[in-house]
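Note that chain A is present in both complexes that follow, paired respectively with chain B and with chain C.
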Partner chain A sequence: MKKNDPQRNTKAAVTLVNAVSPVILAFLIGAVVILIARENPLSTYWILFSKSLFDFQGLMKTLHYASPLMLTGLAIAVTFKAGFFNMGVEGQLLVGAFAAMIVGTSFPAMSPVLLVPLCLVTGMVCGILFAAVPAVLRAFFNVNEMVVSLLLNYAIAIFLEYLTSGPFRNPSSGYVSTNMLPDNAILHHLGGTKLTIFTFVALAVFIVMYFLFNRSRLGFEIEAIGYNPSFSEAVGMNVGRKILTIMLISGALAGLAGAGWLMSEKYAYTLSFSGAVGLGWDGMLIALLGAHNPAGIIVAAIFYATLKVGVQNISVFTHVPSEIIALIQAMIILLLSLKMIGGPNTRGYKRIESLLDSGRRKEKIG
Partner chain B sequence: MEIIRCVGVTRKFGDFYANKNIHFSVAENEIKAVVGENGAGKTTLMNVLYGLLEPTNGHVEVRGDRVNFTSPVDAIRASIGMVHQHFKLVPTLTVRENVLLGAEVKGTINLAGRSVTLPLLSRRKGRAKVLELIERFGFDLDPDTLVRDLSVGAKQKVEILKMLYRSVDILIFDEPTAVLTPQEIDDFFDSLRQLKKQGKTIIIITHKLKEVMMISDSVTVIKKGEVVKSIETAKTSERELAQLMVGRDVLLSVESDHSASPNNPLVYEVENLSTRTDDGRKVVDGVSFGVKEGEILGIAGVEGNGQSELIRVLSGLMRSTEGTVRMRGEDITNSWPRGLRDRRIGIIPEERYVHGLCREMTLAHNCIAGYHYNSEFCSRGLMKRRAIEHWRDRLIEDFDIRISDAGGQLSSLSGGNAQKIIIGRELESNPDFLIAAQPTRGVDIGAIEFIHTTILALRKKRKAVLLVSTELSEIMSLSDRILVMYRGRFIDEVDARNVTRGELGLLMAGVKE
Partner chain C sequence: MNIIRFLSDVLLYTSPILFCTVGGLFAYRANIVNIGLEGMMYFGGLASVLAIFFTQSLFLGIIVGMVISAAIGVLFSYFSVNKNANFIITGLGINLLATAAGKYILVEMGLTEINLINIDRVVDLGVDLPLIGRLPFLGGILSGHTPFTYLSLLAVFAAWAVLYRTPVGVYVRVCGDNEDAGVSLGIPTAKIKYFAVILGAVFCGFAGYNVTVEQLASFTPSFTDGIGFIAIAAIYCGDGKPLKSSLYAFLFGAAKSLAINLAVTYGSIAILLKMIPYLAIVVVLFAVEGVKHSRTNIRGISHV
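Entry: the complex of A and B
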């Protein structure tokens, strides 16, 4: 088999350009804003990246922040590959976290060897159960899964808000919060860094998902269903049931992300558990940025975590308002929706093709 | 006078020459046929003429001027238009809107004796223009019908109108008859003659030699990216063209000995089968038949008489409302496609790219689709990459599938080679019963000969075959018995040995005795 197929190389290059160019453009626009704030964009960006990537403690922190994002990114990508969307990752994440909190606080005396996996598994199971609502409706009643999963996010957020401020409220806390997890259910920081076991769990999941996408029969079926459902059915796949399975996998990943984030960072469920944008929504951006491919998602998640960690340093070391990162994130989303380079018959595609071609020719001459 | 001239046009894809040093010219106001096997480079050459591809070397001259097209817009400006094999129309818009799309007519008003263009579209003027074109070329179309309600033949006319509206003088047709029924083909040829009469130049890419002989003035044969010969149609024959295309003598028809014994055991049995479409029309109406070992049963009929639906029911894609289907006595009515394949039923579906193949997936994955559950390709949920690639290479070898890159996507294959993937996949799995629907539609003669021989070889191995085709010659030369389908029922059964084309034609039109 030929490894260097020009057509595939061009395709890969186009995917890369499409993913990277919005990021670069967003940073350029950010630079203009930083200039307006009378700061040096280069040094600001240097602080942003060096302190969160080229510094050991910073890097560990970045990886820690990247862990739930990897999982939510994968959760979205797995459904997108099959040609539909689980918009409910955020809600499934919250359910997973809350369920893990209940289990963790209920058995404070249990040994961590048992309690930690129990909490994580509970998070996953509850994520699956919550994802099953839109999945079953879709598979058996043909109800649009995007609408159902999207709306359930708001329903569950409000329900959990009620539980947090009512039945599960920690009365001794100054703000609305549940009880803290007992020490046995907490994933402790490793070797004085921010890193916890959770990051390794996320990486293990990444490896499993990588094989699932690229090597497994389910991966083959996901690809086929995503490209052409009638073909998939004609060659014997039960498309409805496969969509159900895929949705449940997605829910499991989201639930695991929630449980892990609770146990490694938040320790209690609060009203701002998932952050201002929400880890589930961030996952959507990461899946897009990573072109729905596991390797791309891991890079995108780390990049995104870099921004999250970097923004803390920016506000410490410069006068640039920390909103600059929100601006850059928003710009990336906006620019991502603009496909820089389209299909094989567009000008940009041809240009990349000829660029690669001339590069190859030089190689041969040299 | 020469209107188009290609001078040494070469187009490479990677290291693969799709066109190699092509010299080719078209005279004004002629109908030029470009023939060649699938994958010979006909379409690539036309895409170069239409600005979709730029030549790696060489150039194109239009009316003696050297041109350099970078997009179809340039080609249309030089009055070259193309009608693709797969239409590019918006189904939810009307004929008028489709024709005008992108070149709408603006309204004008008279202000103090001067005509001023408004930033609004004039529906009335646009309609008048389209109507005028329809009348001038004698097309039987209503500008206000929605395109989705049109037949395939009518859609093709809309495509032609689109080009004519853009004042194109040279029309390129890519496999124009592949999707048409016999009646529509006659109608289409009338349109072509009309276009020629009005001074247009026509290039038609095809591999149906009968049609070349019928309609064209001159013909150019392309083989493996190179021009083999250009000749006036009157000075050549179907046989010579076939030989030039394939590079060897070709059997224009592979003939069965039609000697299946009526005493062979029954393999597949359909009893009183009916089905309705979603809107409640009964399209298959109580049909019964049986296929025996070592027999090819042909189902003939004009397209749209229920054959497509019958195939869909038999291949598990549509539910029957009544009746039973049995395979070796076992009831398999309304089984899933997977259940059918597990019972060793091979399926060559009617719609190649909808039910048979997935363009975006790799060759290897297409080669195992439907059989991906087999332990040979998959164990404990993991795909066996080695075994799959090995299988792919075996199909490529055994079924003579021509490709530029075995690791590439299916979309890089030409129609005939794509069809060979399906045939290979279904036959190499050694089925006991094969459902073959339109197995050679849009496939070139070399491949047709191959596919027919393969199907006959299967019969020789005492397997049963159900052949559904609108191609009369195919049905007649392969089948042992022929059922003629008309309005959802079998109007008659005939013995393939002693039936004539005329008799079958009458039956297909619903006339019995």
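Entry: the complex of A and C
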């Protein structure tokens, strides 16, 4: 394909419009809700973005918050690509975090050079093991992976609640929490900012995944399965085994996200470890926003981290409840489900095509 | 464990699952997987409680719950039928929107839960059945439940009758089996899908009313507890057939009742027992789908 192919430009423009318009629409609806709460939506949104993007410390904090989101977003995006749904990312993340906590608190004397990778890898392995349940059921017994992974989220949350409030409870803590990680297992803040090594780990994983999906045979096969699983099976791919692989990759990413978030931010497992909506569900939004483009995942993760950091300022400076962000997030997901602009034969697509066309003609005349 | 109490609780915990199952299977039979059952139930319960909280009228609570859940049904079907949206994601969005809206409203009201205990009529909604209530064993199990619990049993038969004994039901099934054939025969498939989703949403709203108003007499932010997804599991196990799916709904309700009744006896590990229903469903789903899968002789997997 030529570099300045108009067809390709139109497609890119349509993708952009499809990703951005639900966000704008959701913020408009959010503005109405803020107005109903008798607050000024413009100043609220300004606080939301300015302190988390246009301020150095704020920006570093945003990047720090974006790290687990990037991983959970990837975890969900890989399964989307193959056309099915791992709804268990939230549970896999919790398992990864809890496992990392156990390893970290068990070997407080181990050198950080060994302990940190050990914790991260344990988190990944446990994420894989937990993802294996719906994966195996799906790949070999054709049990719907969506329902199984969703229900297992409930089960694991209860199980970890039991462990946190019983066997692993830190008796000296005022609320239900496990013991803190030892200093050797903590990822320390770099240069006086909120940033830790975890952000760079997440970026490295992102690059690996990029090559895996765009430059490898597995990536091609995953895309083929996403387009047409029966055809892929017919030409000789073992679709069941591929689905297993993807689910396990997804589980590993989720487990790593949980372990990293524990070691770089939370330090102990609490009942609200993953936040109100949950880092796994945040990943769903990020995957949907950025699914068409690898860079999209990073942009979406940073965008959402901006909201997460900004919302802490909202509750300080205004009377708008911080729950407004969960509301806006849900609205974005809802609106993202419909493609504002469809395929090449729809009215919206043609309008964008003609808009770009007239722009090009003006350029020529000028 | 008291056996009468256990069996009576089976009925209690099954009824919201039944409502959601019946609600979801209409859409399922029309070839729309409605992940948003949970959210529709949530909106229904929230709306009912709010209406009763402000007007003190149970009747208005039911009506408002129906209207709001139907409105969510309209939204869902507009997205999935007219706009060709990815309905899995639409459903997910509705679920997230429901919990977000619930929590937002609670914060705005400055409450952690909306309590209806102070409204006299809500506390004592149990109905004593006239004849059955006096039977020695059955009376304790079947009598004393709330109106919507009994209604959920009727809903199963109503769903069966609509699906298999009315033209609309035939159209719904045609939509699911072969939509193009339906279009060629002049069946308004879009309208039929709307009907299936909205009817389902209203049933989910009943489930919400049943749990919030009749069982808990309050609205708490996590009252749905995965009931919508449990219903989806029941629908999958029962192939979307009303009676068969309902049997699975009863099985899952029994698991929940078992967990809660056992928890009374075992203090310290009571939390762990709450896992039973979810694990039981995964096991049942595995058994049922596994058997179905082993009976097909197509190589590889069928996709969804």
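As a convention for this text, the second predicted complex is superposed on the first by the 349 of 366 C-alpha atoms of A that agree within 3 Å, B and C clash if a C-alpha of one lies under 4 Å from a C-alpha of the other, contacts with A are read in each partner's own complex, and residues count from 1 in each chain.
Simple rule for what comes next: a residue touches a chain if its C-beta (ideal position, glycine included) is under 8 Å from a C-beta of that chain, and two chains touch if they have at least 3 such contacts.
From a predicted model like this one, the values you see are computed outputs, not experimental measurements.
Asker: State whether chain B and chain C clash or fit side by side on chain A once the two structures are superposed.
Answerer: Chain B/chain C on chain A - steric clash.
Asker: So, does A:166 touch the first partner chain B, the second partner chain C, both, or neither?
Answerer: The answer is second: A:166 touches chain C but not chain B.
Asker: So, A:288: does it touch chain B (first), chain C (second), both, or neither?
Answerer: second
Asker: A:240 in the overlay: touching chain B, chain C, both, or neither? Say first, second, both or neither.
Answerer: second
Asker: Once chain A of both complexes is superposed, is A:230 in touch with chain B (first), chain C (second), both, or neither?
Answerer: both
Asker: Could you tell me if A:83 is touching chain B, chain C, both of them or neither one (first, second, both, neither)?
Answerer: A:83 sits against chain C, while chain B stays out of touch.
Asker: Please work out whether A:211 is in contact with chain B alone, chain C alone, both, or neither, and reply first, second, both or neither.
Answerer: After superposition on chain A, A:211 lies in contact with chain B alone.
Asker: On chain A, which partner's contacts cover more residues, chain B's or chain C's?
Answerer: Chain A has more residues touched by C than by the other partner.
Asker: Determine, for the stretches 8-16, 80-88, 98-106 or 476-484 of chain B, which one clashes with chain C when the structures are superposed.
Answerer: 98-106
Asker: Using the superposition on chain A as set up above, list the residues of chain A that contact both chain B and chain C.
Answerer: In the superposed arrangement, which is not itself an observed complex, chain A uses residues 230, 233, 238 for both chain B and chain C.
Asker: Which positions of chain A touch chain B when the two form their complex?
Answerer: It is residues 1-2, 5-8, 211, 215-221, 223-224, 227-228, 230-238, 345, 347, 350 of chain A that touch chain B.
Asker: What residues of chain C sit close enough to touch chain A in their complex?
Answerer: Residues of chain C touching chain A: 35, 79, 83-90, 92-94, 96-101, 103-104, 107-108, 225-226, 229-230, 232-233, 236, 268-269, 271-272, 274-275, 278-279, 281-282, 285-286, 289-290, 292-293, 299-304.
Asker: Name, in rising order, each residue of chain B that touches chain A in their complex.
Answerer: Within the complex, chain B contacts chain A at residues 13-14, 52, 54, 70, 315-317, 336-338, 341, 347, 349, 354-361, 365, 369-370, 372-373, 378, 381-383, 385, 389, 405-408, 412.
Asker: Once bound in the complex, which stretches of chain A touch chain C?
Answerer: Going by the criterion above, the answer is residues 33, 37, 83-85, 133, 137-139, 141-144, 146-148, 150-152, 154-155, 158-159, 161-162, 165-166, 229-230, 233, 238-240, 243, 276-277, 281, 284, 288, 321, 323-324, 326-327, 329-331, 333-339, 342.
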